[in-house]
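Questions regarding the structure given below will be posed in turn.
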């Protein structure tokens, strides 16, 4: 499908995320151990000329952190991170994230790698874009088996931000923390409301006039395949090889 | 007096402190913003061959702290500092220290510079040697006007160490935290029990057989005037000029 | 400062010790992990700083580990850590799940000599529900909006041994870790600190204003052992990069116990014999 | 990164601002303190990191300061800080006395984005008795001997502006402070960070493994101004030493208000005119 459309799925998702970034004034984004697609989206914004500061946790040369690996969390605790990215082995309709596993605690069914910084970053970043390429009833569930990080918090718990949106391989949802529910925002080419419903384990709202996700423009694709890939080769060599067929010069 | 005896008062006091250091197994001494005499005592122990580690807060080149000025306090919190030095504008018979001032809080009579790290170091170092050259009823008082750091602590307060001794220009006292009292340990040449009593504002115990403080040996004096002074010239230029008439090469 | 041998360093770590080890982007001593496998260490309790990587997976695979206290165990781009996952399923190891800043906070509390430190976030997470050692309290200070804030206090974590791979040691026993200051934190927080290094250089980093900010004072360092390329397949600052091919090959091999055993025979035991020749 | 002028930097600090300033052994921006005197700043609230020195005394002498939150105000070997002492006696300034690790702890709490951090010591000191903003609680974790431990919680301290003098800034706006990491702490803890530097150099410290451990990321830095010998009479790392003669002369002059005024005319106002010629 994507190949026929003249772009790769990873490129569409990076463009979707870049548009969500640009929808809200954003000065500083931190990218943690997330998938390379959010990193590509951030670089796309930068290459489009946005005056964004990027702090890339896994960048090796020129890594922005000079106070050890705690600096990302301190920085976020200070309120200096406007946007962070998170995913999850399971994500439910209240935007709870499970990075632990299924079955009994601590993941006697499928065990995921672990929660990383999610149980802090999700509360303390200005907002979070959730990203998970796989959109299936096993990932997008009614209720996560275990909560690594909750989508909303009770009164009395300090919380600076919530999920802005959830981007998957099939659609984009927006999140509404006041009612702890997702609403469908746009549907990627080749999907329908019915196919989304069938592949989503949680209930969500469907506003009037939900349309198709606009495809990447030629300019966006050119940036992704050129200068964005250049920036990502060191940190994500596997991704760049797989998606763009490029390797780093020795 | 001291000049006639062939040594300077500062030299006697440094030697007194060095002997107190060596009286207890000591691996690591931190020296803060104290008088240069304790620093000279530490260097004397090192030059006498003790396998001591010295962390000198105010050393400029080769300063031991690479984690900022909090590292001294973190290090002490970890229990890695066996000995620290403190003084005080007032010191009382319970080893309470006043680095704040006299008169009402915060020192409407005489205002001292402030408490520095005393309200932490006095509890958390393995032990503390108190040092105050001036030995007079205005410094050694029955009860300090304000407590920067208390000589003993109530149960339930974490405390690792107490004062080992108080070294003054007239004598040496040992401190006994279990009864929160000083006892006279030795009397410097030229003083008597009566003169000490007259110049001390607090009560203290006098064990049998308190003798005269032994003078510095020729070897100790040679070390002080040579290699110890060499080590101190950068950090304490005024002191080295005044006591030993030496200045740093330009 | 006289370096000891890698095998002597491994021998000095008793079975059951709690080891703080940084992950693959932060100077892990893979060389010492391999030496611990060769000595047949058992019952090690590993602390992720703040997550765990390749070295943790091979130690688990070799049966050296009883417990992992960490925020994640991962091979990064090479995916899930296969021996960790298998051992957890089989019940051979216990995991105490945390979140990255909680690991940093518990280690910093030990560094500062305080019994606990607070951390925001956490409340509403099942991580907290499964950490009986963490305590939710009401902050005695009002929240920014004036209300009463609930917050979690985490106890100080004092590992028995901090283990990492530094670029260099100097004549005075100071080690240089550059920007990887989490290595300093675990050196400060742990009772002992054992460091493998690429090389030993003359001089004293603390006398050099350019070197001292990335140095850890010898005060904290019990012993140094030279292990060239001792972080591999992880990266070492600007000296060598992450060996993706090697980790991908490991991830494939270690899917089964047999594959892991073969990998170990070649890369843990064989490598040593080759190096000794 | 385009440096601004020293006078523009001073103008950007409003009257009444809370300024965190390191003391004489830790990269104070004496140059910016003098510029604040020239601009006639009023009501500044100074935070010692963790103590206060020469720059604090001249700002107090010039009437720029209403409050000092610190562990000590001292001229080191040159003795008591004369203008501080005089202003305190005259009731023109308020002092909030602390102890060094308490200052670090309050700033680190702000750095970590937590509302408070605990600190041992303190209990039984009149410092605590005079700090209604500090709270003694029972630790929910047992003391090493199993008993209930009383411990003090200190609130996060968020200065409005961190001010210090770095050796260098680079093209990207990062600054280099070497081992003086307390400057990084106040940069992290404060809402704004203004830095004077000896010089601006080409390149990016974060790309250089040797420079990056002593660098503070431009993320935290609002502006840089070039001020050669801007820490003087305090020292700057290995670049220049502490000018004992200068501070002794100051201490003698500043014993009286008249002497201080003459010193200021020469060293604060005169120096500027001379430099402008």
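In this document, chain identifiers A, B, C and D correspond to the written order of the chains, with residue numbering beginning at 1 in each.
The rule is simple: contacts are C-beta pairs under 8 Å (C-beta built on N, C-alpha and C of every residue); 3 or more make two chains touch, one makes a residue touch a chain.
All figures in this text were calculated on a predicted structure; none of them were measured in a lab.
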Each chain counted as touching subunit C and subunit D at once: A, B
Centroid-based (C-alpha) most distant chain relative to subunit D: A
Centre-to-centre distance between subunit D and subunit A (centres being mean Cα positions), rounded to whole Å: 40
Separation of mean Cα positions, subunit D and subunit B [Å, integer]: 28
Multi-chain contact sites of subunit D, meaning residues that touch two or more partners: 112-115, 119-120, 143, 149, 151, 179, 181, 184, 212-214, 238
Of all residues in subunit A, the ones touching two or more other chains: 61, 63, 65-67, 73, 77, 124, 158
Full enumeration of touching chain pairs: A-C, A-D, B-C, B-D, C-D
Contact set on subunit A toward subunit C in their complex: 33, 58, 60-61, 63, 65-70, 73, 77, 99-100, 105-108, 111-124, 146-150, 153-158, 236-239
Residues on subunit C engaged by subunit A in the complex (per definition of touch): 22, 25-26, 49-51, 70-74, 76-77, 80-81, 85, 88-89, 95, 97-102, 104, 108, 119-128, 130, 143-144, 147-151, 179-185, 235, 238, 241-242, 244, 248
Interface residues, subunit D side, partner subunit A - complex: 110-115, 181, 184, 188-189, 204, 206-207, 212-217, 219-220
Subunit C-facing residues of subunit B, complex: 28, 53, 55, 61-67, 73-80, 124, 158
Contact footprint of subunit C on subunit D as seen in their complex: 105, 112-120, 135, 137, 139-141, 143, 149, 151, 153, 155, 178-179, 181, 209-214, 237-238
